[in-house]
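Here come two complexes built around chain A, the first alongside chain B, the second alongside chain C.
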Partner chain A sequence: MKKVMYLEFERCIGCRACQAACRECGGHDMKERNYVEYIDFTESRQTFPMLCMQCKDPACAKVCPANAIQITEEGVVLSAMEEKCIGCRNCTFGCPFGIPKFDFEENKMYKCDMCYDRTKHEIAPMCASVCPSDAIRFIDHEEMMELRRKRTQMNLIEGKKPSENDKWQYVPEFFGVYSD
Partner chain B sequence: MKVLEKSFYSKASMYSFFVVMILFFSMWIGTGQFTKVDYMLFGYMVASFIFFIGMTVRITAWTMRPATHEIIKRSIQNMKNRNRQKRNTKAIAKTLFDNIILQKYIFKRGIYRGIQHWLIAWGCIGSLAITFGLTFGWMHFRLVDATTYQMVVFGIPSISMHPDGLLASLVFEGLNITATMLLIGVIMAIVRRIKNHDLQVTQRPEFDLLPLYILLAMTATGLFLTISYKLLGGWMHPQLQLLHQITTVLFLVYFPFGKLFHLPIRPMAISVPMNYQEEPGVDTKKCLGCGELYSNDDQIADVQTILGKQAFDFQTKDGHQLSDYCTGCRRKIRVMSQLNMNSPLGEAAGPVQTNNGIHLPGFGRGRSEAFYDNRVKEERK
Partner chain C sequence: MTQFVVKPGVKNLHHEGEKMITTHCCYCGMQCGMHIRVNERTGKVVGVEPRYDWPVTMGKMCPKGVTAYQTVDHPERITKPLIKKNGEFVESSWEEALDLIEKNFKEIQNKHGKNALSVFGGVSMTNEKCYLVGKYARIALGTRYVDYNGRFCMSSAAGGFMKTLGIDRGSTLPWPELEHTDCFFMAGSNTAECHPTTIQWLWRARDKGAKMIVADPRETPTARIADVHLDLKAGTDSALANGMMHLLIKEGYVDYEYVNERCNNFSELKEAVEEFTPEYTSKITGVSIEKLIKAAHIFGRSPRSVVMFARGVEQQSKGVDNVCLYTSMALLRGQIGKFASGVATFTGQGNGQGGREHGQKADALPGYRKIDNPDHVKYVSNVWGIDPSDMPEAGVSAYEMFDEIQAGKIKAMHVICSNPAVSAPNNHYIWDGFNKLDFMVVSDFFLSETAEFADVVLPATTWAEDEGTTTNLEGRVIRIRKVKDPIGEAKTDWEIMQLIAERMGKGKFFPYKNVPEIYEEFRLASKGGKADYYGITYEKIEKNDGVFWPCPSEDHPGTPTMFQESFGTPDGRANLAAVKWQEPAEEPTDEYPHTLTTGRVVFHYLSGTQTRRTQFLMEKCPEPYVEMHPNLAAYYAISDGNNVYLETKRGSMTVKARITKAIRQDHVFIPYHWGKELSVNKLTNPALDPTSRMPEFKVCAVKLMKA
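Entry: the complex of A and B
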């Protein structure tokens, strides 16, 4: 997989189309797995979308006592395996981005898996395919690097490259499966 | 224990050794020093040994993961704690009854799924129990006189029964009953896998379907064996016998290594109400950022220990950990620092120092003035 997800928070217009698209996805049981939230409601109406960063060394999987979170060969961190998840919520507290959601009724965790069934065929995930303002994009690695360079010049992002273990500290604007 | 452990290659091999020893001696006692071994069951016996060794190795490897180790450690601590006895008993009883015996949470995912899983689970556990009981000779039946059968458990005579009585037929038909449960459950599961398109999106044939086909082959041949000697006068009996033995051996050897291995993991669900959340959905720990209740102290402490053990550094600038904040605040912290904005959450979420450490070419490195002059010129053009 050469393509990556690319987020630009300030482009978000708060239409929540990505959440609606996520709910529609097969197997999601009409529950969205991504977030659209206000940055600071007292200051402005600016919203931001948030999805799983598909960490290379995912904290969620490492804190799961049941070993229920699997990572595909492309590096996508999957939702919990339903037969193993014991419903402890460790993953929710371990994840630096606060991504995994929890269903108390059915006693299982569910999280964004970057629409693995689509992205493994290089089809954009549901959220990226509907975002009208390009806040969420599914693009080539090259294109992402280009965009990132521009953002650095505007000093909008931190000038460091995230590594396997500290992605959370730096630039959550590009994630997914990046080859470098 | 430590010294003992050193005489083996690994923990897993040590435990396997003990398990094999226990099985061997229980068999020795059960079969009266191997005088009553049923050689028809030889293949099952070898496979059962492999099953137990496989389970031991897998369970040992699983409990050695930092996350699993931590939760088990706390569970043992809490079990020993006298002040928590009431909570422990309640947690164990409730989880055992709701999650394991009735499997309520699966019924909430759908009635069809609930029935299907319940039939497979209890059909499987029942069949395994009977198979192990018979192959290791833990129990066998003895004809005392023409009208009394006796069950002998570990060489000790126990309940007697009339061969035509209800109890006797339940006992003798045990495997047939569990096999029928399994067969119905497995067929339901296969139908669901074929019909449900949502499932096909994420299912992996070798992982999700293979165990179902192995179960199907095993139960179908087993039940056909019964039909053969009951209704067909033993037609094809030896061949069916062999076929059933092969499929069962396949099942027993596969069990510890495939999807079915979730069986020994499930009881750990007890530790959730016992260690962490006493009432489902009720939290007790406040978020450092917004003050909302989002978790409980013990769980956050465990998560932080597990992360620490695996060299995750999630410390914020004010000396706390990211997991001290609720999920919403954590998301906000990340966005704020990404946009280099001041945060109402304080230092933890403050802007991150830019331009330091290792750079990618062209990233954050101070450029010569000429570069900017050129840019300005270019833009003017």
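Entry: the complex of A and C
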């Protein structure tokens, strides 16, 4: 998989199409695995999406005593395997981003798997496919690097300079799975 | 013809045992492209797949679109005709329901005359069906009383465009060009929630440095990303537009060559905007002088700009004036008829554009013809095979039909694809009107609030169970494909109209065996009119990713960009607007000190008949709420989540408070997608625009207290 998930938080319009679409993915059992939150509703309507970072060295998998969380060859961190998951919920506490969800009825964890049934064929995950504002994108690593450079350039055109407080705006973080 | 349309090289996920059928979303005017997944064994609709190669929306969908398929095989669908017996609905056969309709319609017409019947249509249907509604009312029932829910949605835009540009096509440019625009001036449109898939084009343009100016009393998710947010008071758009034009003239931003060559009334406009100094404009609108000036400079300096607006400016008692004025802003800058620039309204309903063009309106005939024009009547009568003298005269607008009910003139109504019990203003009056009717028929696929008033409910099909065409917000005519057969005994709206026509002895005027046959007649009926569809065939739509009207002949490519050479007015020139300031019909008073405005949320569509039955959407937004500023809330000691009682001269309701600084301090906002005790339209003002007969949903005076 050469593509990455690219998030641009401030583009998010809070429509939650990504969550509706997440339910649509095969094997997702009509349960969404991603998040959309308000920053502070009293102040503004700014929202942001949150997905699994598909960590290189995932805390969720590390803290799993049953070895239930598998990582694919492309580096996608999957939901716990049904037969192995013992429902201890360690992963939900271990993940620094609060990603894994827990199904109390089925007594098992479920999480964002980057729509592995799609992405393994290089088809965009459902959330990135539908996101009307391109806040979530599934793009080539090269395109992502270009986007980062372009943002900095746009800010310079606007006559802004990075400061200690907002330098992240100039070099946004990227998340996702990619191999070189 | 092909059921699954995809361009070479585009990958979609095919599931085992499923087929995909290419169509468009049933909800808003964006008409997002999608493939519906159908289980080949059971024939059931099971899901949705993005249509990445649809050039307007690129696979993007809002949550309504993603979940739209869930209404098709929904457990609450009406599957058999329902007849009300002793106040309860009882399932019946089609035979029995039609017998009852025939008996009542005929009795009522014998006793009270032809015009005692009426038809209330809607535009969340295909062109074929919308076209047929006008014909059904005028020929099958022989009544003059037909109108439709577009009066609550698009009629001010239509009226304003007609007056200014001579043709009402929602957008003068194709959507993908928006990417190359330098400045968007958006008024009264919460695009991010109501037409979310447009946002991708705005962001693409902004990535290249485009500017956005948004006029809205609320800091909506759209206004949040604007360079200038003009936080005007609801109902002051005409002052804002005049103020902007005052500055455009003063600062030398007028394209005089264009104006002299292509527009009338410049001196009248100049005189009218003279008094709208930034100070005066600021006083009326409540927007700061600095913001006004900044906005005028940004808009004036942009080489390519688009003025866009929606219900916020249109649903006012001066909606047509607002549209004329905002359109004039684009004209002063010489923008209409050029690449990546122009003027556009965001069509609210799926087929709000096509549905208003072809004779569902009280005074209109197919192809945007007029019923008071003898030549037009002659042409359409010829297509329909009737004597022109049998064409009923013009009727009255949607809300005014309820005046006719109260006056005892209309005795029966057939409501098709609409839910005015929720969506019409001043609900109590509407409900009372339904109760006064001697006989009422509703065609719908869920038991809507309106259907509950009916004597007979006929089970209609969803959009996925029939085929046809719609016209999206750009004016692009597109294909809706049939995904599966109707459930239960449901029938398509055109079959229902056909069956009733037969019972009324007019069957020979409705001889259709399938939808393409209706389409063929409809093409002909529109031929030579302003909205000319004659050259658009199903094959051409499929081949060219839709076709833009006007398209007068089969070898015509269609018209993506309007008004390149001349306008649709008799002299070919646009009419600039010269309009004085006028207050909204209701201003805050000591008794009703605040302004109430209404609108949509991203999770619901119109009266909510479908979206309130969709699980995901209800989880995200189960009930209406009142949005208010913390300062206003503090004044009444209301905290977030408290119940608030609101009252206007017409009605009252209690809803929970949602407190946010993203709204003017003197305004409160309530979304309108719920019925009965949760319907904000009990409170809204039915003051009508003199031309478009559009009610003033967007402004009324309200008092409130902690409940």
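Structure notes:
Quick note on the criterion: the second predicted complex is superposed on the first by the 155 of 180 C-alpha atoms of A that agree within 3 Å, B and C clash if a C-alpha of one lies under 4 Å from a C-alpha of the other, contacts with A are read in each partner's own complex, and residues count from 1 in each chain.
In this text, a residue touches a chain if its C-beta (ideal position, glycine included) is under 8 Å from a C-beta of that chain, and two chains touch if they have at least 3 such contacts.
Given the structure is predicted, the values throughout are model-derived calculations rather than measurements.
Of the two partner chains, chain C is the only one that A:Val130 touches; chain B does not reach it. In the superposition on chain A, A:Gly26 makes contact with both chain B and chain C.
Touch criterion met: A:Arg16 reaches chain C, while chain B stays clear of it.
Once the two complexes are laid over each other on the shared chain, residue contacts for A:Phe138 go to neither chain B nor chain C.
When the two complexes are overlaid on their common chain A, residue A:Pro65 makes contact with chain B while staying clear of chain C.
Contacts of A:Tyr110 after superposition on the shared chain: neither chain B nor chain C is touched.
Of the two partner chains, chain C is the only one touched by A:Phe41; chain B is not.
Of the two partner chains, neither chain B nor chain C is touched by A:Tyr6.
Ranking chain B and chain C by residues of chain A touched puts B first.
When both complexes are overlaid on chain A, the residue A:His121 reaches chain C alone and has no touch with chain B. Looking at chain A, you'll find residues 10, 26, 42, 117, 157 touch chain B in one structure and chain C in the other.
Residues 62, 65-68, 70-72, 99, 105, 108-109, 197-199, 201-202, 259, 262, 265-266, 268-269, 271-272, 276-277, 280-281, 295, 299-300, 302-303, 306-307, 310-314, 322-323, 325-332, 334-341, 343-344, 352-360, 362-365 of chain B are the ones that touch chain A when the two sit in their complex. Every residue of chain A that touches chain C in the complex is listed here, in rising order: 10-11, 13-17, 19-21, 23-24, 26, 41-47, 117-118, 121-124, 126, 129-134, 150, 154, 157. The part of chain C that touches chain A in the complex is made up of residues 11-13, 15, 47-48, 50, 52, 59-63, 65-67, 192-193, 196-200, 203-204, 207, 209, 219-222, 224-225, 602-603, 616-617, 620, 630, 640, 658-662. Contact residues on chain A toward chain B in their complex (touch as defined above): 9-10, 26-27, 35, 37, 39-40, 42, 48, 50, 57, 59, 62-67, 81-84, 86-90, 92-99, 104-108, 116-117, 149, 152, 155-161, 165-166, 168-173.
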